[in-house]
Structure formats: structure tokens, C-alpha cells
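In what comes next, chain A is part of two complexes: it sits with chain B in the first one and with chain C in the second one.
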Partner chain A sequence: MATANEPPTQSSDDENPGPLERWTVGVVNDPDKRSRLYRALFYVACGFFLVTTLFPFYWLLVLALTPNAAILSGDWEVTLPIVGTELPFPTPQGFNVSAFVEVFQQVPFHLYVFNSFVLATVTTVIVIVLASLAGYVFGRLEFPGRGLLMLAVLAISYFPPAAFLIPLFDAFLGNAVVVPFLGIELFAPPRLVNTPGSMIMPFSALFLPLAIFILTTFYSQIPDGLEDAARVEGTTRLGALFRVIMPLSAPGVATAAVLTFIAVYNEYFFSSIMALQNEPNQWSPLVGGILSYQTQYTTDFNLMAAASIVGVLPMLILVVVAQEKIVSGLTEGALKE
Partner chain B sequence: MARVTLEHVTKRYEDIVAVDDMNLEIEDGEFVCLVGPSGCGKSTTMETIAGLTKPTEGTVRIGDADVTTLPPKDRGVSMVFQNIALFPHMDVYDNISFGLRLRDYDKEEIDRRVDRAADIVQLEGMLDREPNELSGGQQQRVAIARAIVREPAVFLMDEPLANLDAKLRVHMRTELQRLHKQLDTTIIYVTHDQAEAMTMSDRIAVINDGRLQQIAPPLTCYNEPANLFVAGFIGSPSMNFVNGDLANDGLRTDHYDLEFDPAAFPLEGIDEVTAGIRPEDIYLERNTESVVDPSATIEATTDVLEPMGDEIFVYLSLDGSSAEMMTSDEASTASNQLLMSVDPDETIEADQQVSIVLDRSKVHLFDAASGEAITHGVADESVHEAPTADAEGGATEVESGGQRD
Partner chain C sequence: MGTEDRTAGPARQTNRSGPVVAFTRWMENLGETGFAYLLLTPVFLLLGTIALYPLLRTFELSLYQNVLSDPEFVGLENYVQLFTGAADARMPGTTTFLPEIAVSSSFPFVHVSGLLRSALAVTIIFTVVSVLFETIIGFGQALVLDREFRGRRWVRAAIIIPWAIPIVIQGMIFYLMFHPDTGFLTEYLASWGLVAPTNTLNDPASSLLIVTVADIWKTTAFMALLILAGLQSIDRSLYDVAEVAGASKWQQFKLITFPLVLPALGIAVLFRTIDAMRIYGLVDSVSGCTTVPSLSCMVVETFNTNRGLASAIAFVTAGIIAIAVLGVIYQQYKEGF
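Up next is the complex of A and B:
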């Protein structure tokens, strides 16, 4: 950067400062240079994030458009000359748009997407309703043991999900729940494997703590007067929660909902086990659908890539829509009370 | 339209008693102010009436019904809050009609009532605005419209004017009085501003430390305060207090004596007496023609003058010391200080020797230990008919004298 017009304020014992030192002094003393440096750093950081997040999508697109045979045998040695070195920069080896149609022909991919969508929607609704109740209690009521309970929720949220898997699978198969060591049968649960219940229940439990924490913070910030006003005007505490507190906490509710929805939509670990076979009618999710292009002998990389893109689209739309809501909610919140 | 009765209402929190054995009886159509310093329990009292807080003990009645355990929505009350508490995500129409919509009124009825309420508080043409587009006074009017639209039996106001600027506050004060006349509903109004309480209410309930000190018409509270707290709280600047010992011919204080016949008052068992006199009941000796029953002359030095325009407050020093660094409250309780108010035309300067007299018919005597009032006016009964003493318990209603309505 500019080193020419450096102010001559340096102490005289530093006879010949090096270029780096001169530049540093310039940045420290000259607001112009400083803002130029900040802008440069900003672009570098932005560029880094854009490349790391967008390149995988580009790579998916490249793979989806390249016929499968070309993927396996193709020439991926394309490079992009950048300042002296050459960066590998793959481009599509062909233009096979039909992969996006084939995705639905080979397996009923839309059913897998539907499964994930239903699981995510139902889980989100359950999580938001339950976390709202919990968030209201933790955020707005004073009662003995509140801190302890909150801590318990936090502690449980740190348990690895895998720890719950085997007992849950055992129970969802319809086996009787037995008290350990005593051998006393408590009850025989219904056989839930291959049904949405076996997935929605553990998902809801797993994603509740995060939603509770988000909503607790938001609900606790709504002025007491508004809730009191609603209650005097004719709502119950619950009515005040859903009619006043929740709408005013829209950004928080949207954040919790989007996080839960995306997490469940992407989920594979639980659902791959609770759906006994990778079949859409056994409520196998999206990721299961993508994996079903892989058989014992063949792997259709181009279809897997195309399916991934198709699967991401609903998410993309949702996030864009929700983001608008979140942003509008935030600016509205800033203007009021 | 309903009377509100509080019977032995007590609210205890873990560490404090916010309301202590409160007994209140508020008549149908009455405008009652609950007034007291911050943290005295007046807002908690109101919340127990609204149902936002459940009392630890005691019963709350609205009309003939015991509402102690009813949720707020079933009590037939509406409330205006200090922070206004309009729902920011609804426009003015939705805010006003919120309670009606919850009660499933039909659309036409809602429209009719909202229009009327908006008309009463002069909000026509603003129904589709958002609360944040309104000024403070307009927001407060929306809150009042929201409260009156349901035609509640009791109207609760929790310092509704506290967040408004001084000019608007005076304006809204008049509007509230007009509203009370128009609606004729029971209004319970919480404020810490004794001027608001004095100007608006039919009766004032003075509360301190969670206890009812006195409930009486404003002028009764002013002229015949039931105890030291009421005497000091009502009136601005506050009453001068001085502690003294009883003698056969009156009261001896550090700097002056007050002559009266102690036998005329119920003073048995009382060792120390606090005398109280309001600033406007102290006169310069040269103006004593109007005083019915002047005390002996007291010599004093003027200290600080506060010209208010319509009167001048004069801080008097009785021993030559200055009241530097004292607030008017501290000065009013210091035995060597007196605060008097004089006519604005009076020629008076700082650091001037003056002779003053007290109007003995306006001197209040209090039991210094309990704070209870002993008598209001120590004038000689042969000269002037002294008002009857109201030395009843702090929580009893003082009915004599003063004016009602």
C-alpha cells in the first residue's frame, strides 16, 4: 500500500525504517490508509466466505451436468491461471440437463423430499409451541428452581444424540420398556418404527433446548406492561403469549423455527435407523433418497448431485422468505417501544 | 359502575411486605387517587384490584362479587399503564378493539364502540395509524380509548401521565376529569404526584410502607392530615415540623414557644409533640391583621428566597445559621429552619431580620412517637372555635371538615 507520503513524525533514532514499518506507521496515523486497509480486509474475508460456501454448490452443478461416464473418465485437470500459480477449476464435461429429470424417474425422489418436508414441518411446529411455553415460563416468571431447571435443560442438550439411539430404537420396535436391573415391565409402547412418530419425537426432544434458549431470551425482553395490558383486556396468560408476546418476538421465533427446520430437513442419522429400509413409504428422508442412487455395483454421481440440488431448493426458498421476515421483524422491533 | 372493596389485603413477597392489611372502600362512580412515595405499595394495591397480582391474604370485591381469585379478564376492569403499553404490532383500531374482538362482539358493534371511544378521546381519523406514528399524548389517548371501549365497571390508571411532558400532563389531567364526568365510572388512579392527586380526585388514599395512612377528600388531607406522614407528603413545599416539649402553657421548642392550653387537647401519655405549620400559615408581623389567632412574635433571619411568581418562598433561619446544602424537605424538619410563603408584592430580601407570627388556628400537633395527629389548630377555644380533633387511627376515614366532591 501507499508508503510515499508517510508523516515525518517518527523519532529520529529510527534512521531508516523498513517498508513494512513505514506502512504500519502510515496505517496507524492516516485515517485514509486505515479505511483502505479495513476495506481490503473486508473484501478478503467476504471473498473467502463466498468461495467456501458457493464453491460446493458450483461443484454440485458441475457434477450434475456432467454425464456419469464422463465424471468417472473425464478430464478434471482444468486449471485457472491466477497470479503465477494455477488453481484447479473444474468445468462441466458436457451439458446433461436431463439428469434433473432422471432423478425423479430412477427413484421417487419427490417422496423422499416430501417425507423430509413433513418431518421438518411437524417437528418445527411442535418445537415452537413447546419451546414457547417453556420460554415464557423461563423468561417471564419468577419461581424457585428456575436456574436449576434451566441448567438441567442445558445439560441434557449436551448429551450426544447417539446415547439415546439404542434405547429409543428398542422401544420404538414395540419391545416392552423394562426397569433396568429389576426386570419390571413398565409398558409396551406401540411399534413406531417406519412411522413419522419415531422420528418426530426424538427430533423434537433434541431440538427443543436450543429453541427454548432462543425464545427465553426474546420473550424475557417483552415489557411486562404489554402482557399485563393483554390480560386486563381479556386474554389468559396463554392468550397473551400467542397474541402479543409471540408476534412481538417474531425474529426470535423465526430464528428458532428456521434452525429447527433446517436441522430436521438435513437429518439422516436417526431417520436412517428408524426407517428400517431406505424406502419412501417407510418415511426415509431426503438424504436416504440421495443415497439410493448408489447401488452395490454402480454409483450415479451425476444423479446424486442433481438430487442434492433439487433437495436444497425448497430450503433455499424458505430461508430467503424467512430472512425477509427476520430482517423486517428486526427493523420493526427497533422502532417500537 | 361498581364499588371496589379491599378487605385486609396483604401482599407479601419473599423479603418485603408490599401491601400490609389494606382496607379500602371505594364508592360507585368515585375518582380515588392512591398516592404515596415510590415503592409504597400503591401499584401493588392496584395490581391486586386488576388481578395481575394475587393478594397473599384478604379479599377484593368489585360490585358484590368476590373477585380475589378471578383472572383479570373476568373482573370487568380496564387499565391504563404508566408505559402506555399499546400493542406495537397492531394499528390504533386493532389496539382499541382488542378486548372486544377477544369477546367475540360482532363487527358492527365493535365499529360503533371504537368510533365512540375514539370520539371521546378525540382520535378521529387516526384509527389506521401505527402506535409508533403517534405522539406521546395521542398514544396515551389510544390507551384510554382501549380502556373505555369495553365500558368497564372500574377504570384503573397506573401513573398514566408519568411519561408525558409537563405541559401535556396538565392538559391530560383536565381531559381525565372531563372523561370522569362524561363516563361516571369508578376510577382508581395511582400517582406519586400529590398535585395530580389533589386536583383530580374525589378522595385521596395516602399510602406509605404498604399501609393506608388516610383516605379523605383532598382538602381534608391537606387541612386535617391524620398523621405526620400525610402532613409532610401532601402539600408542596411541605409543612414545617418542629419537635418540642409540653409545658403548662403550651409547647417549648428549641427556638420559640407556642402558647396554648394543653388541657384542651387529649395529650395524656404523650411526652413529645411535633408541631406542624404550613408555609402559607406563617405571616410577617406587619401583616397580622388577617390572622385570627396569631402566636407570639418570633424573630428570624431570612436566608434564601425562591420567587415563584405568584408567591415567594422564604427560608427563615431562627438561629442565624444558614440552611446551605439542605433540601426543602430537610429544611422543613430542621428545628432551626422555617419555610414561609409571602405575597409576591412583599418587599423582602435575603439576610434580613424579620418578625413573624404563626397562625395558631392552623398549627397541627402530632404525637412525635406514633406520628398520629392530636389536633389541627391550637387556637384558644374562647377566642376562636377550634376544629374538632381527628386523632383516630391512621387507617380510618377522616370525615369531618374538608369538602367532598
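Up next is the complex of A and C:
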């Protein structure tokens, strides 16, 4: 910006006040200085948010690159003198890239990540299909009980997973499902713990409502004429949904899919409970992989950090690529209309 | 329902038979209401088995003792014992789970008699503090992102990234930051009296602070995005008018920005409150459920040994969250769902 032609009157006007007072008076009286102050404040805030959000990732990188022996010997912290105090600021003590290879040798970490991907993908497909049906109904059809049913979806989705855990766990162990308060035993379900089913079912129920609200908004915006045209052409109602309305709402479907995928990949509660032994061949996802470092290899700190970086990478890429979808999905899902 | 008012449907055109065709024809001929309910059946079947059935069954189990061996109906006894603290002795692993917390007088909130009241205190303190700071910092982030500047896309990505990382990795980052062998922040923060200098992750007060900060770090982005959506829906010409009328930036914020963003802010706060009250995974991966016993934590810790008691805790948790859910429902209802 053009700061050169700044009026020199302020400083030469009177010499008596101190620099701070002069500056304050300048800010109050001069809109140009004021806007520069706002700009400075903006950059300070911007920098602060960038540092606070990204520093923990830098910390992981520092730990991963430092050889574990150096971490365990402890004497590797560097302090950064900022505003009078010595702020601790870690820097990598070495450049040990092999930690990223060891991560997969110590524990079959790739299997855990693979399990997470499978669970997230299958859940996303189920959620998109079911939410499409519901989104079509809520967004395009008029029928009695519509508002009530939407409220029911909303209400159910906000109960804590802990409130569902005990009967679900019993059922997934293979114990008979009992009708509440009547004592009638219905049937004994197959033993589902340690299988994808015990996680995909709760995940689908947990993340279905958000997808329903996103798709309801998008499907309701498709003009009736397009659906009618498809119906005249001889398409069934469901055909019109999946071959006309859904493709036309592709951005909305992608949004719901991305959010569901992220949510499943990040889920902790059922992921850690339903895979009983955190074993990768028993479908334990990422959670199990990271926790096995924390509980079994308790001193391999560089590997804990490296594993975390590997686990974060897919989400990092997804955020950079699908940023707009995430932003619009989160806001649509919560603030409808 | 089931009337022949849709006989122009395309299914009539073919003469093929078979169950699929018959089903398609039946579906095509359903009235709008019938069709709506038909499409919603799979959705509510899933929500019913994964959410509604477990919720009812949890309540039923909470009225029993010795659920696994010899179920005995005890009415509200489990709840009474929970609230009076008499149930604490029946908690599993009392040697590790209860006294560790009760003995630690460094933390007045957790020192209340009775584990349930401790858990209530922990959960409510965590929720209030984290949501408060997320709102304030999220507002700041939203104000930064509301401006047009070069690199805005990247700043937004950086702010969203913590939101998109798995809970277990979020936990791992803060675990490593305060682990005695790696934690570079412990000494510095202890010199300010914020955390315990040794055994930081086993100290309830320190751990609660760390968990709260970790949650603020991760979920502020969600708040920021919702507030940003509110900001961007404000009519820009209002600011032009205010500018002409000579309103200062602060007055513009106070009289235009804040009141107009308040509805979005309210919804964001409600959503975050509901979510924060479910806190489990973060606690489990940072310091373990025995150090910071949240409500969900207590359910997970007790359900394997004492189904009845755990169900009572789960139902209390659900009941508390239901209050916030009612808030959301009321908000939606007011907007004419």
C-alpha cells in the first residue's frame, strides 16, 4: 500500500507527547492510520490462529524425525526467548525418516488404516443410499407426520453413543434380543463383535441424520418438472430418484459422502469398543493401531508420532481437496433454510 | 393408499411378471403418503434397532441388579445408590477407579462424594468451559475468514484441519505433549501453576485442563464455520448505511454484526453443547477414564461388570443430554419445521 505520501503534520506538529500517546492520537483522528491498525490486528489474529492450529502437527513431525534414543535421553529442548519469558520450542534432533518405515514393521499399521478405509467406505455407501431415500421423502413429498418424523431423526441422532452401548454390545455378542418391558425373547443374532457389522451398523445410524438433512436440502431444490419429465419417459419413482434427482444433486451427495467418510474415519467410541482385542485381523480400525502403540510399545515415542502423521495424512488431503464441500455441508446440516 | 389413481405408471407397459415387477408395480401404485412411509421404513428400521431399542432396553436394564447372572428387579434402587454414593462400592476395580479420584484433594470438583456427582461435575465443567472458549475463539476465526484476502483458502484449510483429524490422534498429540518423557510444555506450564509438575497425566485437574484445551483446539473450527455462515448471510448494504451514518467499526459490530449472527451462534452453541457432553474418546486416549471420569467414561468402565448400574449411568447421561436436545427441537419448532 502507498504509505509514502503520509501527511508529516502529525509528528512535526508538536514535539511534547511521547510516542505511544502520539500514536494513539493518530489512530483516533486519522482514518488512514486506523485502517492500518485494523489491518495489523487482522494479521496478528490470522498469524495466531495459524500457529495455534498447525503447531501440534509440527510437534508430531519433530517427534517423528527425532531418533527415539534422543527423545528418551530427554535433553533436547530448545527455548525460544519471546517477550521476556523463555518459551519452550522443540526442534527435531536429527532427521530419522526411517521412523515412517518402522511404523509399519512394528505393528501392521497399514492393515488398521485399510480397515478404517473399508469401514468408512461401506458406511458411506449405506448412509448415502438410506439418506437419499429419506432426503427424497422429506424434501419432495408432502405427507402427514413429515415434521414429526424429521424431529424424531434429529432427536435420536443426538443421544450419546453411551446410551446405546449396553444393549447393542449384548446383541453383538450373540445374546438374544429381548423386547423391552415385555420379556419376550425375539431371536439370537449372530455374534458380530470383531466383525465389520458391529461397527458399520452403529456408524450408519450415528451419521445418517446429518446426511439426511444435507440431502433433504439439495433434493428439494431440484425442479419438479425434471422429475415429471423422467416419469413421462417411463421411469419408475425410484428410478427418477437415483437416475435424475441424485445425479443432478451431485454436489450435495458428494458433500454428504465426504462428511460421513471423515466422521467414520475419526470415530472413537464404537471403533475402540466393538473390536475387542484391537487386533487388525479382527477389523480393528485406526483407533486400534494408534492405541496399540500407546499400550504395547509404550516408549516408542517417535513411532507414535510417525503413526499419527500417517493416520492424519488422508484427512489432510481430503480437507485440502474437498474444503468447499466440508464448509457447505457443515453449515447446511446445522443451519437449514 | 393403494388406490388406482396412478395407473398411468410405466410399470403397466410391460407384460413381464415376477416378484420384482410385481413389487415395482405395487410401489408405483401407492399413494404419496404410502410411498413416503415405504421409503422411510429402512431408515427407521436402522434407527430403531441401533438407537431406539437400545435406549428403551437400557432403561429396563437400569431397573435390575445382577443382570448377567441372576436378574433381580430392584426398581429405582440403582439410581438411588448412584446419587447417594452408595453404588461406588459396587463399581468394578474400586481400588483403582474410585479412591484415586476421591483421594486427590488437589481437585475440589472431583472431590465431591460419590462418583456420579464427580462425573457430572467433570462433564459439566468440561462442556461449559470448552464451549465458551470455542465460541469466543471461533468468533475470532470467523471474523478473520469473513475478510477477502490472498491465501484465504489456505488459512481456512488450516483452521479446518484440526476438526478433521481422528479423535485418537488428537488424543495422542496431547498425550505426547504432556508425557513425562516427551512433554516439552509440562515444565513451562507448571511454572505458571497451570498443571502438576510431575505425573501430569495422572492428575485430575491437570488432565481436565489438557483435555479441555485439546477439545477447544479441535472443534473451534466447527463453531467458526457456523458463525462464518451467519456472518456471510448479513446484508452488506447495512454496513454501507452505517458507514454513511458515521458509525465506528465497533458500533457496526455491536449493532449489526452481533445481533444478526446471534441465531446462528445459538444453534452452533447448542450443537456443540450436546456433542461436548458425550466426551469419551479424547479422555480415554489422553489420560484414561480413571483420571477424568466423564459420564460416558463411567458407562464404558462399568458396563462389563455391572450391567444394571452402567445402564442407570447411561440413562442419566441420556436424560441430561435430552434437555439440550429439547432445546434444539424447540428452536427448530419455532422456525416452523
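Assume the second predicted complex is superposed on the first by the 245 of 337 C-alpha atoms of A that agree within 3 Å, B and C clash if a C-alpha of one lies under 4 Å from a C-alpha of the other, contacts with A are read in each partner's own complex, and residues count from 1 in each chain.
Following the convention adopted for this analysis, a residue touches a chain if its C-beta (ideal position, glycine included) is under 8 Å from a C-beta of that chain, and two chains touch if they have at least 3 such contacts.
It should be emphasised that the depicted structure is a prediction, and the values quoted were computed from it without experimental measurement.
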Touching partner for A:Y136 - first (chain B), second (chain C), both, neither: second
Touched partner set for A:A176, first chain B, second chain C, both or neither: neither
Which of chain B and chain C A:L313 touches, first, second, both or neither: neither
Which superposed partner A:L276 touches (first chain B, second chain C, both, neither): neither
First (chain B), second (chain C), both or neither touched by A:A230: first
Superposition-derived comparison: chain B or chain C, residues of chain A touched: C
Which of chain B and chain C A:I184 touches, first, second, both or neither: neither
Which superposed partner A:L248 touches (first chain B, second chain C, both, neither): first
Chain B and chain C contact sites that coincide on chain A, given as residue numbers: 231, 234-236, 335, 337
Sites on chain B touched by chain A in the complex: 47, 50-52, 71-73, 77-79, 81-89, 98-99, 102-103, 131-132, 146, 150, 156
List of chain A residues in touch with chain B within their complex: 223, 225-226, 228-236, 239, 244, 247-248, 332, 335-337
Contact footprint of chain C on chain A as seen in their complex: 38, 42, 45-46, 49-50, 52-54, 56-57, 59-60, 63, 71-72, 74, 77, 86-88, 90, 130-131, 133-134, 136-137, 141-144, 146-147, 149-170, 177-178, 180-181, 201-202, 204-206, 208, 212, 231, 234-238, 262, 265-269, 272-273, 286-287, 290-291, 294, 299, 301, 304-305, 308, 311-312, 315-316, 318-320, 323, 326-327, 330-331, 334-335, 337
Residue ranges of chain C touching chain A (in the complex, touch as defined): 9-11, 13, 24, 27-28, 32-33, 35-37, 39-40, 42-44, 46-47, 49-61, 140-141, 143-144, 147, 149, 153, 155-162, 164-169, 172-177, 179, 181-182, 184-185, 187-188, 217, 221-222, 225-226, 228-230, 249, 264, 267-268, 271, 274, 277-278, 280-282, 284-285, 295-296, 299-300, 303, 307, 310-311, 314-315, 317-318, 321-322, 324-325, 328-329, 332-333, 335, 337
